[in-house]
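Chain lettering (A, B, C, D, E and F) follows the sequence in which the chains are written, and residue indices restart at 1 in each chain.
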């Protein structure tokens, strides 16, 4: 996919993008619409990072079942990101711990990092998108 | 005003209404639109209470000047409530204190009550409107 | 029992409108009456006839419409809040009507309980 | 310097759109360029031509329109977010255009700084 | 006279649950819904605060909102009742006033 | 490389200022705007937290948002700079990235 996309995007610039998720899913639409943003970004051949911290960690909690709400359950899409070459997913350890969650509760492969390392990583980005 | 309104409103029921303000003004529109709700309620001859707690206490801070924002400064309207026979304004003391504010900082006459008394008052209401 | 419902937020961005709809539906199914649903603040945006969400998601506007159709629920949009946000007669989906804020206070008086859904 | 701006919230309910407008205006007045303003989430509601706020308050939609007129600022509304919320071609105020989310990523690449305003 | 208090935001992000618990009276009920359901889980750092509150008020959590977020009703803290929308309606009917902490 | 962090919500109501301060790096700047300006006042219960943060990051507050809320710029805590929208633009230009804590 990478080659095709590089032809499509003529600018040639590669920036470090980070999409930061701090909010729980379903109570607000941000989680879903950020995910749509992440998917689109795949077409631009940028260096894409996706971060989950604070209540954002609930976005990738296993076992989401929205039948009784009527909302679309979009959580399986996080597992599809790999197919778009979006593989740099980071979760903050402290955020998991405060919420009584562990890596085993997550539905997708991620790198669990400390708050200090997340902060350092954020500092290396060119573009940070939040909602 | 009371007599005229009683004729207009045929139900004859008088309920204890409370409009609860917990949010700061300008960052969101809730303060302004709750105030519009309070003004309308005056026409229905109900037992109206207006409560300011948490960041809602900033709604009645003296000296608001919105010239540089373009927003309408609606704070003078709180002083006009008395003309509509809406005189039961309550402010929570603990909320003021946490914010370094005192009664002298407020632009309208209010009753400053403890959190415990505010809680008790809330418990006596028939209808609580919040935003 | 007669319930009044206040919806403070628009469709999709917040769950408030969905929760209000589920509550209203459950109340009706249990034999209660919905005296009125009043849409205020960004809640007025629930009344737009132009909403066209992805087909694999719920349709918030249609849910309200159907509730109005099936159970004659009175769906009232605040005129002043609507004008600020571009919800006018022309934009209304069937089942909604525009009126004044007095209709909310009236609901507070007439209904046995007012239940508010917001952000 | 080239700025890209992302507006996440609609007019009136949140200050985000006002803050974004003031930032854009100040940047232009200082000689910077606004590469694009992208409206996403409830931000798409800033583009409605039907907004008619009280005359003693600011007109958020008109502020953006005038900025586009006076300084040729590119105001882009996300098509998918707009469809959910009822913002379609017919509802657009002059100065706004509808396009895909790719325009936001492009702004992130092309602009020297992306500045986001939200809730 | 008793009040059903509803809270719909996560206590990790917003202060409304705390403000609610600071004002609820003995015998009142508190319903956690939408993003507030996370507060009901026994394993979170919030659990002691909720357990404390449950001494004087009845605490409930909306099951459909738990399930949507992948949270197992079996993991809800002791003393917190799980209800569905029917139960929400019953709580609103049983109490004389509903106060939404927004 | 340095970042301008923007925070627009009151720390009495939301956790985003705290999360921001937990991630800002030495030499970064933090701008308080909209409802977050209340955090800049010396007299509030938040002041010690902000003073602490000001040891390693530069903290600014947007003057027009202070004035709108009736808060006197003279009452802003020591070490916090008051800027207008021009200053906000300068901060965004001087730092290499802008991170909005929403």
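Following the convention adopted for this analysis, contacts are C-beta pairs under 8 Å (C-beta built on N, C-alpha and C of every residue); 3 or more make two chains touch, one makes a residue touch a chain.
What you are looking at is a predicted structure, and each value in this text was computed from that prediction instead of being measured.
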Third chains touching both chain D and chain C: A, B
Moving only to chains each one touches, count the minimum steps from chain B until you reach chain C. 1
Using the touch definition from the top, what's the fewest steps needed to get from chain D to chain F? 1
At the largest C-alpha centroid distance from chain A we find chain B
Name the chain whose C-alpha centroid is most distant from the C-alpha centroid of chain D. E
Chain E turns onto chain F (C-alpha superposition, degrees, nearest 5) by 180
Return the chain pair with more inter-chain C-beta contacts, choosing between B-E and A-E. A-E
Per the C-alpha centroid definition, the whole-Å distance linking chain A and chain B comes out as 42
Take the average of all CA coordinates in chain C, do the same for chain E, and state the distance between these two points in whole angstrom. 24
Could you grab the centroid distance between chain B and chain D? Build each centroid from C-alpha atoms only and quote it in angstrom. 33
Among the residues of chain F, pick out those that touch two or more other chains and give their numbers. 8-9, 12-13, 15-16, 34-35, 64, 84, 97-98, 100, 102
Out of chain B, which residues touch more than one other chain, so two or more? 22, 26-30, 54, 69, 71, 127-128, 130-131
Residue numbers in chain D touching 2 or more other chains? 8, 12-13, 15, 22, 41, 54, 80, 84, 114, 116, 118
Listing every touching pair of chains gives A-C, A-D, A-E, A-F, B-C, B-D, B-E, B-F, C-D, C-E, D-F, E-F
Seen from chain B, its contact residues with chain D in the complex are 26-29, 69-72
What part of chain B is in contact with chain F in the complex they form? 22-28, 54-55, 58, 61-69, 71, 73, 75, 97-101, 105, 107
If we count contacts the way the header does, which residues on chain D are in touch with chain C in the complex? 10-13, 41-42, 45, 48-54, 61, 80, 83-88, 90-91
Applying the document's contact rule, which stretches of chain A touch chain F when the two form their complex? 20, 22, 53-54, 115, 118-120, 122-128, 130-131
Using the touch definition up top, name the residues of chain D that touch chain F in the complex. 1, 3, 8, 15-16, 19, 22-23, 25-27, 29-30, 32, 112-119
